[in-house]
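Following this line, the structures themselves.
First chain A sits with chain B, and in the next complex the same chain sits with chain C.
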Partner chain A sequence: MFFYAPLDVSQGFVQKIFYIHVPLAIVSLGGFIFGGVLAIGYLRTGDRAWDMRSYVAIHMALIFGVGGLITGSIWAKASWGHWWVWNEPTLVSFLIVLLLFATYQPMRFSIEDPERQSRYASVFAVVAGAFVPLNYLAVSLATAYVHPRVLTLNSANLPPSMGLVFVVSLVGITLLYVTLWKFEMAAKNARSQVRRLRRTLLGDDTVRPVGRSAAPS
Partner chain B sequence: MSLLIASTPELPLGTSGKYVAAAYIVFVVLILVYVAIMAMRAQRLERELAELRRDVEEAKAAGSSPPDREHEAVL
Partner chain C sequence: MKTAMVVLRKDLRLEMRTWETVPAMVLFALVTFVIFHFGLNRATIDGQLAAGVLVVTLLFAALLGVNRLFVAEREQGGFDAFLLAPVDRTALLVAKASALFLFLVVLEVIAVPAFGLFLLGPPLGHALPGLILLLALANLGLSVIGTFVSAIAIHTRARDLIGPMLGLPLLVPALIATARAAGPLLAATHASSAPPGKWLLILALYDVVFGLIAYAVFDFLLED
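This part shows the complex of A and B:
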């Protein structure tokens, strides 16, 4: 991306942030939708494995979203001279989505009963996940923005070499998201299996109390 | 390696170089912090697993000893 993709005529070298910032933001928003889709699985079947999948998907998307927000802020400072622009719909709407999903974990933590926790969290994930594309459409309809519109629903306003690097970056970040999602899922499954084994082999009274947790057990 | 570095075109870093570097460093640090947290959790899980194995072996030993002793007494 530093050597193959040509320098942007108007922004110069600072435009290279685009190849990390935009994929992080796209994958983050996609992750929130993915979490909502997985939550539908829980609401349909009642299987808590779906809730766990949804929880991890949203957790990962939140991390990627924070990355997208920070890299975007750095790009804004270099490009516009400000870390944040409050009258820019794209930035503010992304922040709203991020803050909305930031309430997901505290909401889970506030509910002690595991069944209720899973049910409420799934409903939240579905509703908030549906809000993401609606929010994108609303921002697309806004006219007063300074945020560059490189990708639209109809076309990509990029030269082919830049487009190729962007697609490679997007695929790379998506694969990273999927890998880390699978990694965390494996870790959480292993932990819950160990706890289940303790209960089965040693009896309930010998198992230490798990305590209140935001994560599905 | 030095040949490879010498053959690569020079980047027009200018004043924007530090911003680009900062953005990519933020990304790498974020991933590293996440991996470090997951590594700590994996270590904790390993400890829990070892503890479980020890407890199961102890329970097994405690459960199997009386019949063994009985068997020995009969003999």
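This part shows the complex of A and C:
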């Protein structure tokens, strides 16, 4: 990324953050929609494992989204001179989506019954997943374009070497997301399995009951 | 549909007897206009600023109604009774959204002329036809999303907080469209008497999409 891709003529070295910021944002939005799709799985089958998958997907996407927002802010400061630019549809719609999904965990936390928590969270994830494209449409119509349109479908505005690096970073971040998602799933499954084993081996009294939490257990 | 009518009639009768929700929404809107007058330190406003003030006031007044929407059902066990009855569950969504829609209409019938009287610089009459069309579309989106959010929030512990917290980001696209479309209508120069078609289209698309989604998922919010 640092050595292969040519330096940007107008922005210089700062432009390199593009290879982290854009994939982070894309993967985060994809993660939100992925969480919505997994939530459909829960609503169809009623199997709590789907809710767990959806929860972990949205949780990870939130972390990636905050990362994307911060790197984007740094890039905006470097190239436009402001930390935050309102007339910028991608930025603003991303912020709105992030604010919406930030309510996901408080909502889960305030529902006590675990089964109802899973159901409501899944319904929310489905609606919010569908909200992502519609929100983008509304916000982008409301503002003028300033963002560098590097990802228009018909013409790639990037020189080939930059494009290659970008695709490699995108694949890399996507794989990072998938790996973290699988890792978190494995950790959660292992924890619940350990609990179950302890309970059967040592008796019910030795294991403290699970406290109320936003995460499905 | 018949079930929805019955539930709607019940809600309206309840409101007529207690006058609990709608007067609160109207009073809230009027007080907000006064606060805006002092906060902005302007005698009259027009254009995009006026549109923003109007839309924000109506939105927050609507949230008051959203918070109260299912309170009677929850306190009096209406949910259980509804689930026991052999009727389509989506009827509750239709009935509650219609009730909220009617509440909003009453709110606007009072609040919009009051806005014209208190704050708006240019006369209201010119913008009125466009504004009615626009607010009807906005009310549709508000009532569908409001009902959906209220149905989620009513079963949570912090229900007064969760409702607006979920509702506001979900409503942002509709508010952008409403505020932007209302801006030219309320302009001092009377640039146009019809709201821009682009925003009406967005608003209609929003209503259709979220109407269908709410229709599809509402069943899951009532199971128990």
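One rule holds in what follows: the second predicted complex is superposed on the first by the 196 of 217 C-alpha atoms of A that agree within 3 Å, B and C clash if a C-alpha of one lies under 4 Å from a C-alpha of the other, contacts with A are read in each partner's own complex, and residues count from 1 in each chain.
Definition applied: a contact is a pair of C-beta atoms (placed from the backbone, for glycine too) under 8 Å apart; a residue touches a chain by one contact, two chains touch by 3 or more.
Not measured: the values here are computed from a predicted model.
Would you mind checking whether chain B and chain C clash or fit side by side on chain A after the superposition?
With chain A aligned, chain B clears chain C, so fit.
After lining up the shared chain so the two structures overlap, which partner does A:Lys16 touch, if you call chain B first and chain C second: first, second, both or neither?
first
Name the contact category of A:Leu134: first (chain B only), second (chain C only), both, or neither.
After superposition on chain A, A:Leu134 lies in contact with chain C alone.
In the superposed arrangement, does A:Gly67 touch chain B (first), chain C (second), both or neither?
Once the two structures are laid over each other on A, A:Gly67 reaches chain B alone.
Please give the nearest C-alpha separation between chain B and chain C in the three-chain superposition, to the whole Å.
Taking the overlay as described at the top, chain B lies 26 Å from chain C at its nearest C-alpha.
What does chain B use to touch chain A in their complex?
Going by the criterion above, the answer is residues 8-9, 11-14, 16-17, 19-20, 22-24, 26-27, 30-31, 34, 38, 41-42, 45, 48-49, 52, 55-56, 59.
Chain B touches which residues of chain A in the complex?
Answer in residue numbers: 2-3, 7, 12-14, 16-17, 20-21, 24, 63, 66-67, 70-71, 74-75, 77-78, 176, 180, 183-184, 187, 190-191, 194, 197-198, 201-202, 206.
Going by the contact rule set out above, which residues of chain C touch chain A in the complex?
So the residues of chain C touching chain A come out as 148, 152, 155-159, 161-162, 165-166, 169-170, 172-174, 176-177, 180, 198-199, 202, 205-206, 209-210, 213-214, 217, 220-221, 223-224.
What does chain A use to touch chain C in their complex?
Of all residues in chain A, those touching chain C are 43, 96-97, 99-100, 103, 106-107, 110-112, 116, 119-120, 122-124, 126-128, 130-131, 134-135, 137-139, 141-142.
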